[in-house]
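Dropping a structure here in structure tokens format, bear with me for questions.
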């Protein structure tokens, strides 16, 4: 399965899990040219097909758009690919449970082993620190670079009032991390309510995080997501 | 696509998102006569087809009902269209996360950029201030006018014990705002729980709101919603 | 549409809304003999067809079971029909948001106009007051009668550790009330969180409740639910 | 219906209820050899078919894998079957509402009669007490045996940062308990919020628990789940 089809599977899986709705996008670094990345034209992820996937250079110029509109926030992707040669895939999303953390500065911590990567650190980013009075969208390379710096070496960055951006060494990891970031946020919110002022919450410790992130690739989940996405694609084609 | 089909798409999209159930309604000002508006006969939004859409004058008399029953609360629509020439579409809904705000007087604030319009102000309205002992329904022009005054120049008004009414310069904006009003309420509730008594919640500031509402039309979402609603309509027709 | 089909629609609608799962049951007083009621044999509501509907006398003996198993808790229905000649339909359910109220003694109050009937009073019942050491099921006429007394003249009664029983003057009212009882509980829980210790929650007042319950029959909703349930039945028949 | 098909029904039912996602697994002790158990190869539960079910000895060696990959955490199953001759079925899951309890040490208590088995005691287990610095997975017999000891004679054990493992005298009981463990956790969390510092929560008492668990087999639910799972299997086969 090629990268384009992988991105179709990623987009539809993220929509199916409510991690993105009509907004948000998944990208992958080109496997033939590390100075390029692949991402859909401006279309809702749930509708993406292979024909919608365009190639962009790292300044986020589409190479082959042929007049098709592109995402305003493509700079998120290009600027991170520039700074992070290890990153091969990126998901930008608006998942609902994460925003309240981004807006209160409560740190996400790994409460669930499927979300162990959170233990590598998930910094917050407030676009106001880069520029005041924006519409909160990462509309240019300056803002993208600022966000990429806040991400640093981490697997994800929270964006105040907006959502998060999640990276991985491959597509399935970026997708799996996006889904389990949201689930961890929901569990942590519930744990905070349960714990009240008296009880500590036991999170994964550093050694546990390290032991988990070394191999966690969401393989079994990816197999399921792919199978379901391909079945939906076949159904659409049959209409 | 004509206004009638747009209203069918709007009704089914709102039901799909749980913003309305069997109740609530979407209307649009006529594009040929600004003294008229279009809205379904008395039927659950999920069942609306183009044939169900009637025309009303601004006193909310149906022009072409031919004996078909109409919504009791049509005065919400007529009275707002009278007072707000800028408004071209209205959604009245009972979305679940919003009612607790309406009943406690906690102000909704824009915590999520897709809901930036909340920063333009979402006043509350208590029907008791207009009339005591009602069943909470806006059953006549007097109550509709009173609600329209509470709405004022704002994009939405909360209705105590009832829901909200959301307006826009076009249908997709009224629909998108209705969906993201509910999502913002859920996120804000979670943020309040997270913040406790100690932490501030960072909402969008005035300049950010202004920068966002100037263009936010929910275009990409509308394209998705339309496609899904039309597919469902085709499926129903094929039965 | 006959009563049997109405009960099929009721059962499937309640399951669709998550108000009952494999458990819970809906009944209706016979329209030919007020000393009889109709209810399914022992089967999950989501699977009920007209052929599953049996007739019971008010002591909850099935008249025509022909060896088919019946619900252990049928006495809930028979004993209420005995005491309440005005009641024509009953739903017993385990809806999730209601149980926490039943177990803490926090009174449900009408926060939403679709749930105005709550303002008529929803008492709580603890089976321990009737008998200690039960499995919480209403397995005999003694327990059923005790519950019916706790219900009194009200539209619903909460059952500690178990769920609720909801009554109405017709099936659609018993179904609608069951659905909106759960929704009101969820909204009230959220309002309590929002209000904290400082803010009052504004519920519907007595006059508002009276004005609403006088006519609320969930007609538009019932039309939708019927249409959807019949479509599912047709689909099953076509398999 | 044979055990293999029962496990297919169990796997798909657990996925349908959100109790497991791509992870988690259900097993059954062989009905011909109590020193063996049946469980799927390494595949997402939602995809399991009868062909995927393998046989394992109680040291968790697959007998007939023919090169197919097996679950890393199969030792959970083998070690419990060794220690608990009464146990005929086991579900390991990651259900979301349960983790916050596992991480805060708040004891799950039976708030709902469908979840009465919780009153038999649901101990917590922290893998750190067995070994530090793991990835939280039960990857060997040592960890499995340690977990089995924490489970003791109880119906379920919570696993910190991970989920839970639930046992039963038959498959439907292990499945039903897994589903109602999650539901009970959600209800208990809501009850804790409602009760605040002032009100007690009334849980089932010991006698009530004993009266309930003596017979609760989730029979009516199992009939429903089986019917739905078989319908989905037939649909897949028809593609």
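As written, the chains take the letters A, B, C and D, and residue 1 is the first residue of each chain.
Methods note: contacts are C-beta pairs under 8 Å (C-beta built on N, C-alpha and C of every residue); 3 or more make two chains touch, one makes a residue touch a chain.
These numbers were taken from a predicted model, which means no experiment stands behind them.
Number of steps on the shortest path from subunit B to subunit C, with steps defined by chain touch: 1. Seen from the C-alpha centroid of subunit C, the farthest chain centroid is that of A.
At the interface between subunit A and subunit B, under half of the residue numbers appear on both sides, which makes the contact a different-residue one.
In terms of their C-alpha centroids, the spacing between subunit A and subunit C amounts to 44 Å. Per-chain Cα centroids separate subunit A from subunit D by 31 Å. Annotation for subunit D: residues 193 touch two or more other chains. Across the interface of their complex, subunit C is touched by residues 110-114, 116, 183, 186-188, 190-191, 193-195, 199-205, 207-208, 210-212, 214-216, 218, 220-221, 223-225, 227, 231 of subunit D. Across the complex, subunit C meets subunit D through its residues 21-23, 42-44, 46-47, 94, 96-97, 99-101, 103-106, 126, 128, 132-137, 160-162, 189, 192-193, 239.
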